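Take a look at the structure set out below.
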Amino acid sequence: MATDSEMVFVLPGDGIDASLIPTHPKRPLRLGPGLRHIPPSTIVPTIAGQLVTDHKKNSLWVEYNGGRYIPAVGDLVIGQVDRSAADFYYVALSDYSSNASLPQLAFEMATKKTRPNLATGALVYARVSLANRHMDPELECVNSSTGKADGLGPLVGGMLYSISLGMARRLLMRKSVEEGRVVVLEELGALGLAFETAVGRNGKMWVNSEDTKTVLIVGRAVKETDEGNLTVDQQKKLVRKLVKEMS
Amino acid sequence: MPITILPPSVAQEPTRSLYQDGSQSDSDSDGGVDLDGDVSMGRPTKRARRDEAIVTPGEVITEDPQWMRGHGTYTIPEPPQIISSVAGTLSKTNKLLSVRPLRARYTPEIGDLVVGRIVEVQARRWRVDVGAALLAQLPLSAINLPGGIQRRRTETDELQIRTFFSEGELLVAEVQQLYNDGAAVLHTRSLKYGKLRNGVFMAVTGTGGGGGVVRARRQAFTLDISSSGAEGGEKIDVILGVNGYIWISKHIEGEGAAAESSGPGITRIEESVGLNVYSSQNDSIPLDTMREIARTRGVITALVENGLRVDEEMVTKGYQEAVEMARGEGEGDDSLWLGGEKGKRLADALVGR
Amino acid sequence: MPLDTSTYNLALLRVDGRRWNDLRRLHGQIRTQAAADGSSYLEMGNTKVMCVVTGPSESARRGGAGGGAGGPAASSSSSTATTPNGAEIAVTIVTGGFSTVDRKKRSRTDKRVQELQAGVAKALAGALHAHLYPRSTIAVSLHVLSQDGSLLACLVNASTLALVDAGVPMTDYLVACTAGSTSGHGAGDEGADPLLDLNGQEEQELPFLTLGTLGATDRVALLVCESRVQVGRLEGMMAVAADGCGHIRAALDRIVRDKGAQMVREGAIAKGESIGMDLD
Amino acid sequence: MPREAEPSLNEKAFFLQALQDGHRLDGRKFEQFRQLDLQFGDQYGVADVTLGKTRVLAKVSAEVTVPYPDRPFDGIFTITTELSPMASPAFEVNRPTEQEVLLSRLLEKTVRRSNALDTESLCLIAGQKVWSIRVDLHVLSHDGNLMDASCLAVVAALRHFRKPDTSMEGETLTIYTPAEREPVPLSWLHTPLCITFSFYGDEGEMTLVDTTLLEEQLKVSSCTISLNKHGEICQVAKLGGTPVDAVSLVQCASIALQKVKELSTLLDQKLAEDSKRRNKGGLLAELSAENAR
Amino acid sequence: MASHDPEARLSHLQSADGSATFSHAGYTVVGAVNGPIEVQRRDELPEEAVVDVIVRPAAGVGGTRERHLESLLQSTLRQIILINNFPRTLIQVTLQVTVSPENEYVNAKLSQAATNLPILPTLIQTALLALLSAAIPLTATVTAAVLAIVADDGASTIIVDPTAREIQVSRSLHVFAFTSRDELLLNESEGEFTMQEWDNAFATAQRQCCPAPTSDDVDMEGGSQADLKNFTRSTLETKTASDLYWK
């Protein structure tokens, strides 16, 4: 990932040292969140955080935690159905934000006759298919090229927890243990707890299990790791403590 | 401060004396009542009142599990009981128990003839107040186009939706469909339905008693006014919407609701559904007809005030009676008023009291 | 402040001559307003309240546009209680300036009035089967004509009557009654008696509470106490008030039944079918 | 208008299931409060209450003013509660929500109407000059149970407050600045606090105290009982909601008494700690003030 | 008399998207930022975010004084927030004053007729920290200072961060705010002053708010006055380090 060992902290409006801007010969430069390009060639941070350079992918972004979820195309999110109209569900991604729309046919195998019937207050795991500043975001629960759900769709049962956007990002990393340093889920699984989770980039985590207690343990483990900034060792200790407490 | 002794009210007397009897012996200690000792009060109306004319909220109707609960009732699992949730009369249909409330807002049913008022115009439909809990809707596709043309509704129709019906206008329609939440969808695709003009609107209670419109064989009929000696028109149309909204208007031959029986054959639709069906302009109405419309309105008001049902029979009889009464007292505009004592006399005469 | 009620111990009679467990004269009528969906008039002693119910009718849409003549939208001065996926219950209380001796006008934005409104609305929401009317509003408008104690109780009872008249389904009558205690707030005073259905003067001088129950049960929908009283007295006062609620329920029921019987007699409604058949 | 988000169906169902199994989401017992922290400001009359993630701050201020003509011997005592969008965007400025009205009425009844503060002692010259004591309540973060936290904050701030000392010589009233004379505490009669119970289940058969925002949103009804440690009820409010068995309400009252005793003890202890800290600082401050001159 | 060192806590209010408590010069202000959230239809701007600022006094209800401060803050913050990034949304900044300095020698009046200006820098600074905490994209950061000009036997002296007593005896009062790129963003002056005095005040404020970027040892240079610009940087640096502890 980031090749720079040194942490580079930026504030909005700071100048960025030219050496930090990756210069890949072929790939175009990709700017991630927290940066702004002022033509012709100035790059300015817009938020406070750690500047991260990925020379391989020729990309540059600011890593931070906090704030409100702002939808971006491709994000996996957990939404709550606010109301349904003729062809759409209107889905809330975070409190007080405008609703995203989810076409009723954007589900696996959905036709006019077989589309899922979601009540107000139901949860869906979806992917952001359209997001720009001028329009309300759009979601889909199906991979439009393969027609497969890929695990997306209504979330039935279980419990929803709010977590920080940073924690959601860590949990969604391909190697959440190595890179994200979250081990609670693996630890709990190793102790024989059976549960399933879904993590939304919008700071939501859904946990389900046959056993109510397991859901409670998983929820508390992740929330306490998140709120307490726990290290890997602390997380392991927490898991042992919670499991002991609840049994 | 002087001690005030209030006379006990008549209605209150039985329960009150009962209460005093029960507690007289221990009225000087505060142990007369306690929270747990009072469970016998629970559902006091269980069996004792079986002879009552009506059931009231909270009253246990039956504990027999063979019955199914219908409208106006709810069940509790332990012990299994069907309990009334409204005040009204009991009705049973096979094994279904339901309670018809003494009075309630109109509950739409498919096939009902209703009179409504346009409240809101939307892109492809109107929203209509029919006196129900929810506004009914009338889709653009559910009306007759002027001239009776049969075709899909186009964008042009959508743009000039207000030329058909606009806010505040009245119409008569039939309930075609019901949504899960009880909201009605109307249609006016018949010659007997459509925009209302040349008359007067009145609202009485919908469903249930106390002088409401009752569901009857015919909700719309024509009243012969020749007996009143009216010149010009000899008939007026009366539409008794099941929802308690009523329209009384000048009779027009071959048009409007009363054309029901002698309605034109299907081939004549094109000719008769002229452009004027969506006109909001009244025709000229002879003074006599206007007077008789007002009299009819007075009759219905009198029926309502005296707690009588409103249907074709009562209105027709009432109208004849009113004409007789007016004749007896000599002509004059005063004879139109049928409130108070006069209304009561009319009502008494009708039910033969 | 001289305690006029202090004479109670002499004859065990209250200022108006009642014993501890006497209700005041209760007089009520339903169907007082022909134009309303439901209406009532209720007197509990000299506390007199009028109630008009409109609805259930379609709620004005969020965002303002539309709505209209379908029914009076909840005005900003009313307090509303919402039920999940059901009708919204909007309560407005208007207090006539002439309802009290000092003729003080209470504005509708007065927090005390708003609290009363919220109390009545939420209590009704727990008793009505509002889930039968999604997207609707049931507007309850209460007018206080005269105040002489037990106002909240009278408001609740009048609303119940009017809602029965409007044919809105409910689990049972929601009834309310006050109970007080002849004790001061001190811990002592063991001989203190509970009192039922306080009038205005007693409310001024004695600790009291208003209790609302669902029918003649111990299920408490409403409990409001605004005076200082020993925690040990609570149970006794609640017991007396609950008992009073049972009697008020019977009284309200009688009012409704009398009206129903009259309507059946006059032929305004078809006679109900006999229930005797549930025996076979 | 921003709307308060409702919990999802999944949350509702799971929460109730967990409750029926005897668990709260954060692992607390049904009658257990969250971590409670009470801090006093550097200035007199500022109390900052943190209850889990709920945080409220009360500030007391005093000024001399003219009494109301119908109450010439009483000082003026007001409590203002205005919920700002800081606590939740659903709160709009100048448009009190029902919650705000009920909170303000609760404080009014609990603290003001129960005569916790002796308003007659605020009178300086009858009919002409009285102290006007004002409490401003600021909700900084709202995660449930605003009622109990606010009530504690208001009462703590009032007990912590010192008003300027005064003296009467003949007709002249002197009000001393804090630099001249150490300010004096208010005349305080009893310490009412409130405990809110929330009910769950179809019959309201499960009872929780100190609910989080999510728990609060899912309650079927609630009851707030205000009383002091001597067991005097100042106010009870169960405003509607699902009917609850009378017996459980009576039980709530006795739990409330026990909780209020605990809170009172905590409050007394915190006040004592603060005055001890101040006394030390007070001497130092006096010395340094002397030095500065 | 040494002014207190500035102190700050970030992201400590859980319900808000971003929050900060900032104490400086005898004032303590709690700030919360929510946004971008749904805006009321009637306030909506088609191309920009609406910035709503609410200032609430510690005691008493807000009046014209607070409305004035709100309008100053609103126009200032609109300049640094990238409002074009979030059209048709609302960014809501709530600032709650919790402590304001008391003059030991005067009995406080609730209805203060005193000046609005001294609190302005603290409000601006709190708003900035809360915005950074909420990760709202900004063009730059901002630093503000208040100065009093006291006439002393004909010669006038400039006092940075004056105390309540110094303000009382001052002849004029000035507030300046500069962006991190050293552009003047806001100036409010009141009282009697000459252009010369204003120039001097401006120069002092500029030195105060825009310390030379190369100097590492700011404390020495800044003297007794706090260097808020570097304070902002170090506060956010600490926050970022703590948020990204897992990296």
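Note that the chains take the letters A, B, C, D and E in the order they are written out, and that residue 1 is the start of every chain.
Assume contacts are C-beta pairs under 8 Å (C-beta built on N, C-alpha and C of every residue); 3 or more make two chains touch, one makes a residue touch a chain.
Bear in mind that the values here come from a model prediction, so they are computed numbers and not experimental data.
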item: Touching both chain A and chain E (chains); value: D
item: Leading chain pair when contacts are tallied as C-beta pairs; value: B-C
item: Interchain centroid distance [CA atoms averaged], chain A/chain C, Å; value: 51
item: Separation of chain A from chain D, taking each centre as the mean of its C-alpha atoms, in whole Å; value: 39
item: Approximate Å spacing (C-alpha centroids) for the pair chain D, chain E; value: 30
item: Chain A residues counted as touching two or more neighbouring chains; value: 96
item: Multi-chain contact sites of chain B, meaning residues that touch two or more partners; value: 35-36
item: Shared interface positions of chain E, touching two or more other chains; value: 34, 37-38
item: Residues of chain D that touch chain E when the two form their complex; value: 1-2, 41-43, 46, 53, 55, 57, 59, 61, 63, 80, 82, 84-89, 93, 132, 134, 136, 138, 140-143, 164, 175, 177-179, 213
item: In the complex with chain C, residue positions of chain D that touch it; value: 98, 101-102, 104-105, 108-109, 113-114, 203, 220-221, 223, 227, 230-247, 249-250, 253-254, 256-257
item: For the chain A and chain D complex, residues of the former touching the latter; value: 80, 92, 95-96, 119, 121-123, 155-160, 206, 212-213, 215-216, 219-220, 245
item: Partner chain C, residues of chain B touching it in the complex; value: 1, 3-9, 11-12, 14-16, 19-20, 23, 27-28, 30, 32-36, 38-39, 41-45, 49-50, 52-58, 61-62, 64, 67, 72, 74, 83, 85-92, 100-105, 117, 119-120, 127, 129, 133-135, 167-168, 181-182, 207-211, 304-309, 351
item: Chain C - residues contacting chain B, complex; value: 4, 12-13, 15-17, 19-28, 31, 34, 37-38, 45, 55-58, 66-70, 87, 129, 132-136, 164-173, 192-194, 201, 215-218, 235-236, 238-240, 242-243, 246-247, 249-251, 253-273, 275-278
